[in-house]
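What follows is chain A paired twice: with chain B in the first complex and chain C in the second.
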Partner chain A sequence: MLNAEINSNVLKDLVDIVGTIVDEVKINLNEEGLNLKAVDPAHVAMVDLSLSKDAFEAYEADETELGLNLKKMEQFLRLAEAGEMVRMTLDEDENRLVLEVTNITQKMALLDTAGMTDPNVPSLDLPLSLKVKGKYVLNGVKASENISDHISITANPDGFEILSEEDEDMVRLSLNEEELEELNANEEVRSLFALDYFSNMIKCVSKDTVLEIELGADYPIKIQFSFAEENGSVRYLLAPRIEST
Partner chain B sequence: MNVDLADEEHFVQKNSRCALCRGSKNLCGRERCPVVVKYYQRMESKPLIDSTDISGSSPPGVFVGRYGYPKVNVGPLVPPFHGDTSELDMPELWVGKKIDDIVKNRTQLVRGKYPIRVDRFDGRNRIADITQQMALSKRPAEVEAFFSKKPGGKIQLSDSVQPYGPSGPLKKLDLGTIKFDGRLDKAHFDTDLKATKAVVNLYEKDVYISKIQRAFSVGAFGIEENRKFVPTRWSITAVDDTIGKELREEVKDYRPIDEYRVYETWELDNRWEILMLPRTWMYELVEAWYPETAWNPHGRDIAIISSHERYEGRSDYAEIGGCFYAARLAVAEKLSREKRQAGAVILRETHPGYIMPVGVWNVREHVRDALKKEPKTFDTLKEALFYVSTRLDIKIDTWKKHSEVLRDALYQTRLSDFGVKRKEEKDFKFGEDRHWN
Partner chain C sequence: MGVGIRDIVKSQEITFQDMDNKIIAIDAYNIIYQFLSSIRQRNGQLLEDSQGRVTSHLSGLLYRNARLIENGIKPAYVFDGAPDIMKEGTLEKRKERKERAEEDYEKALERGDLEEARTKAQQTSRISAEIEESSKELLDLLGIPCIQAPAEGEAQAAHMVKKGDAWAVGGQDYDSLLFGAPRLVKNLTITGKRKMPGSQRYKEIRPELMVLEDILNELDIDREQLIDIGILCGTDYNQGVKGIGPKRGLKYIKKFEDLEGVLEEKDKDVNNYQAIRNIFLEPKVKDDYSLKFKNELGDVKSFLCHERDFSESRVGSALEKIRDGFKKREQTSLSSF
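Take a look at the complex of A and B:
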């Protein structure tokens, strides 16, 4: 059972955040809200998202699984005005999700969740953590897009750096300890990441959102942030590239 | 600065203008492509058609021009003789032929040109009507073409379209009795069936790509009010793209192959080495043009260009052009038949014997040909690449620099390398291909 009403902006954010990883996802619903985990087809990136019932205008649900096609969901959400409420109910007999915005009702076939297992979230012991404002990382990534297809992220007790280099060209974003919201570092670590994955992961982040980053040396990066006015939380994991050439 | 020594004696030139343009985009700013003009001159000795009236068996072949779109020249391709000419417009049968034979065969086809607007023909125009009927014919069509002046002696060459001979303005066109290909005809009469659906349906009924493309170019498919003539060049890529996409989405439901594979074929002084990797879909075509080959006429360096797509495909047009889509169709077709998915990179080394462009079929049919053979299989990427290095002249390090698929395989780690486990192989049962991961 599901009977919910939610701001279309929140739903759009959710679809964007998960849609950069997979096209189809299994969402676990319960009385408290929803959560999901998904790994991209190439096994390079993972998303772990939860959204509390407080993010909804109205929320009532039993424990159940929804197999959702995010592309279809995205198309439906284009019909909703910014900030408009979306009503969501389940047509359990027909196995369909019923979505309604003003004057429009869409019934969407749900996917069979039988083969969709939750991936295990690895317990990674990452040596370094920091908090940084979204605007800095967004700028660093934007600058890198003109240079190369990968970036290196370095952090040490003095600060944090995003570097992109190719042939003779280089661009670097450096932040010292004061410019960061928080920094817990005893050593210097550095990892390389594919830029297309990285920039997709932060594309829904606003300038003021604080990103919590955990980092290791040639190790996956963990990026956490909240959305839906702190009622939703996202955790991404991205596997590194190893040094090329 | 270029310090990239590709083989024993050549450097690499990235994004070479001719390799990107291939006579189609006027990138050098000249009015006519000097490369193509060079081939014309080589062909100038061909006897001209010395008549304004040609009677012959069209393979059947038709041609829809692109200049002046939406007002273009349409009409048949007719050789000045009768008989079973079907092979002349069926590239599926050309694998193994010599470049001279292909060009000789094709240049016998005379192109009739009749100007129409692509979207206004609805059966009132006899020449457009006959052209359309011919494209649906099962067997060669007996045609008599009357030109308002003698067809000109220039032959046409391009990277995407197979060559053809002289052309002239059509005055009148007569057609003998023809028998329609039932499969094409059925799609033609279904005016509620979308063109993309028609293309895919016909492919699934084993209709040759060249036949589907020909019928597509005369606007034989689609919702009635959307039907229009499509320039031959565009129709080839549209059909390759449509079928390739359909097959790609299908193979994504299957589980990856178990090993590294290398397929190969060498034809027309092109070496095709196709590496398949045990992973989810990713695809790339990398082409290396030696100096003095068709699209590297002036260089002293090897010109290398590539285009790739990741799992989700790409929305912009591939840098490398129509051959990207032609080869993708061949790769996805092979995987679909096997009910498996894979990552694939095609390394194409074009040596100086490939003196002139013969059309995009060269890519589609030769990749298909390679994929029909038994592959060499390997447990590791390293072994597979070592084998490839013994088959190509250009060094593997150079290919790596230009291949996103190879770089991804070599340098991108997976979460599973750090303890995120994918679904155990033993849990897998056939029929559960969906969500195998």
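Take a look at the complex of A and C:
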């Protein structure tokens, strides 16, 4: 059973956050809200998202699994005005999700969740953590996109750096300890990441959102942030690129 | 060419994805022969540049490696060194066959029989020093390692797989199995639609994997016995015993245990069989080789387009695939942490 009403902006964020990793996802619903885990087909990036019932205007649900096609969801959301309420109910007899915005009702076939298992989240013990304002990372990534297809992220007890280099061109975003919200570092670590994955992962981040980053040396990066006015949380994992020698 | 044990060797289909990030030690001569025989003009003539230099092999090496690398596979090429003296008979025969094929080719051309001309032309393929040198030059520009074998390329490739430095041998012959290669992948570079010889029909060719251990278990023999079956059927080093094919060879070896047993029982003889066995059991191989993959392209365009008259746009799109493959190599997967 599902009977909910949610701001289309929140739903759009959710679809964007997960849609950069997969096209189809299994969402676990329960009385307290929803959560999901998904990994992209190449096993390079993973998303772990939860959204509390407080993010909804109205929320009532039993424990259920929803197999959702995010492309279809995205198309439906284009019909909604920014900030408009979306009503969501479940047509359990026909296994369809019923979505309603003003004057439009869409019934969407749900995917069979039998073959959709939650991915195993690797247990990573990352040596360094920091908190940084979204605006810095967004800027650093935007600058890098003009240079190369990958970035290196370095952090040490003095600060944090995003660097992109290709041939003779280079761009660097450096932040010292004061410019960061928090920095827990005893050593210097550096890892390389594919920029297309990275850009997509922070696409929905707003300037004021604080990103919690955990980093290692040639190790996956963990990026956590909240959305839906702190009622939703996202954790991304991205596997590094290893430099050819 | 090679040992004729196909009928008793079971294979399984394998996809490019199954070989993602794996090193395949390719028998270079074997693959270059394939290219020289299959990449030809309609009348059977080899592709050539404006200076008359053969380019069929370069075309094959570029486009096929682009497909492999694009799919995350790491090809390495192993070139033959000096042939074993025991192989002279085979080499002599091949030379005669090629000379005959050349005559037949000319005759077919005179008659205007293009189909026959093409078939005959395919049998005339020779790897000249120029072809070998230009192959190595191109492979190097593509960042692909080339290994010079002390003797047989397949023996060296098998040795590298045995040591765990490569995942499988890539080639069309079964000799590498006799040399002890734990895995052999066939049809790696000829995947796709391929014309059936002597007819207008096309057949879909897919890569096949042969696992030595599975083959030996299935046949319930050991590698020494597989070598003996090979010698009975004929190898590059001997003619084989008349009237014995792989199936009968298998039956005899299982019944009489080894080659000596079969020869005695059937009152047959194979010259120097002990020496032939030793070629497979103790082949000349080396341990000082480097499997270094450069994820960087050399000036392929200048070599192929400016010197050898290849089309810029086709070469460009192949190089694009290779660059994608290089990127893929550098990207790790979450499952490895």
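In this text, the second predicted complex is superposed on the first by the 244 of 245 C-alpha atoms of A that agree within 3 Å, B and C clash if a C-alpha of one lies under 4 Å from a C-alpha of the other, contacts with A are read in each partner's own complex, and residues count from 1 in each chain.
Please note the rule applied: a contact is a pair of C-beta atoms (placed from the backbone, for glycine too) under 8 Å apart; a residue touches a chain by one contact, two chains touch by 3 or more.
Predicted model, so just to flag it, every value in this text is computed and none were measured.
**Student:** Should chain B and chain C be called a clash or a fit once both complexes are overlaid on chain A?
**Tutor:** Result for chain B and chain C: clash.
**Student:** State whether A:Pro41 touches chain B only (first), chain C only (second), both chains, or neither.
**Tutor:** Only chain B is touched by A:Pro41; chain C is not.
**Student:** In the superposed arrangement, does A:Met170 touch chain B (first), chain C (second), both or neither?
**Tutor:** A:Met170 contacts neither chain B nor chain C.
**Student:** Touching A:Arg241 in the superposition: chain B (first), chain C (second), both, neither?
**Tutor:** both
**Student:** Is A:Ala109 touching anything from chain B or chain C once the two structures are fitted on A? First, second, both or neither.
**Tutor:** neither
**Student:** If you stack the two complexes on chain A, which partner ends up touching A:Leu124: first (chain B), second (chain C), both, or neither?
**Tutor:** Touch status of A:Leu124: both partners.
**Student:** By the touch definition at the top of the document, which applies to A:Ala58: first (chain B), second (chain C), both, or neither?
**Tutor:** In the superposition, A:Ala58 touches no partner, neither chain B nor chain C.
**Student:** Identify the partner contact of A:Met1: answer first if only chain B is touched, second if only chain C is, both if each is, neither if none is.
**Tutor:** The answer is neither, since A:Met1 touches no partner chain.
**Student:** Counting residues of chain A touched by each partner, does chain B or chain C come out ahead?
**Tutor:** Counting residues of chain A touched by each partner, the higher count goes to B.
**Student:** Under the stated touch criterion, which partner chain does A:Tyr219 make contact with: chain B (first), chain C (second), both, or neither?
**Tutor:** both
**Student:** Tell me which region of chain C runs into chain B after superposition, given the options 221-229, 239-247 or 293-301.
**Tutor:** 293-301
**Student:** List the residues of chain A that touch chain B in one complex and chain C in the other.
**Tutor:** Correct list for chain A: 39, 42-46, 122, 124, 149, 192, 194, 219-220, 237, 239-244.
**Student:** Going by the contact rule at the top, pick out the chain A residues touching chain C in the complex.
**Tutor:** Against chain C, chain A makes touches at 39, 42-46, 122, 124, 149, 192, 194, 219-220, 237, 239-244.
**Student:** In the complex of these two chains, what residues of chain C are touching chain A?
**Tutor:** So the residues of chain C in touch with chain A come to 293-296, 326-327, 329-337.
**Student:** In their complex, what parts of chain A are in touch with chain B?
**Tutor:** Checking each residue of chain A against chain B gives 23-24, 39-46, 115-117, 119-124, 149, 192, 194, 196, 219-220, 237, 239-245.
**Student:** Which chain B residues qualify as touching chain A in the complex?
**Tutor:** 252, 279-282, 310-312, 401, 404, 407-408, 410-423, 432, 434-437
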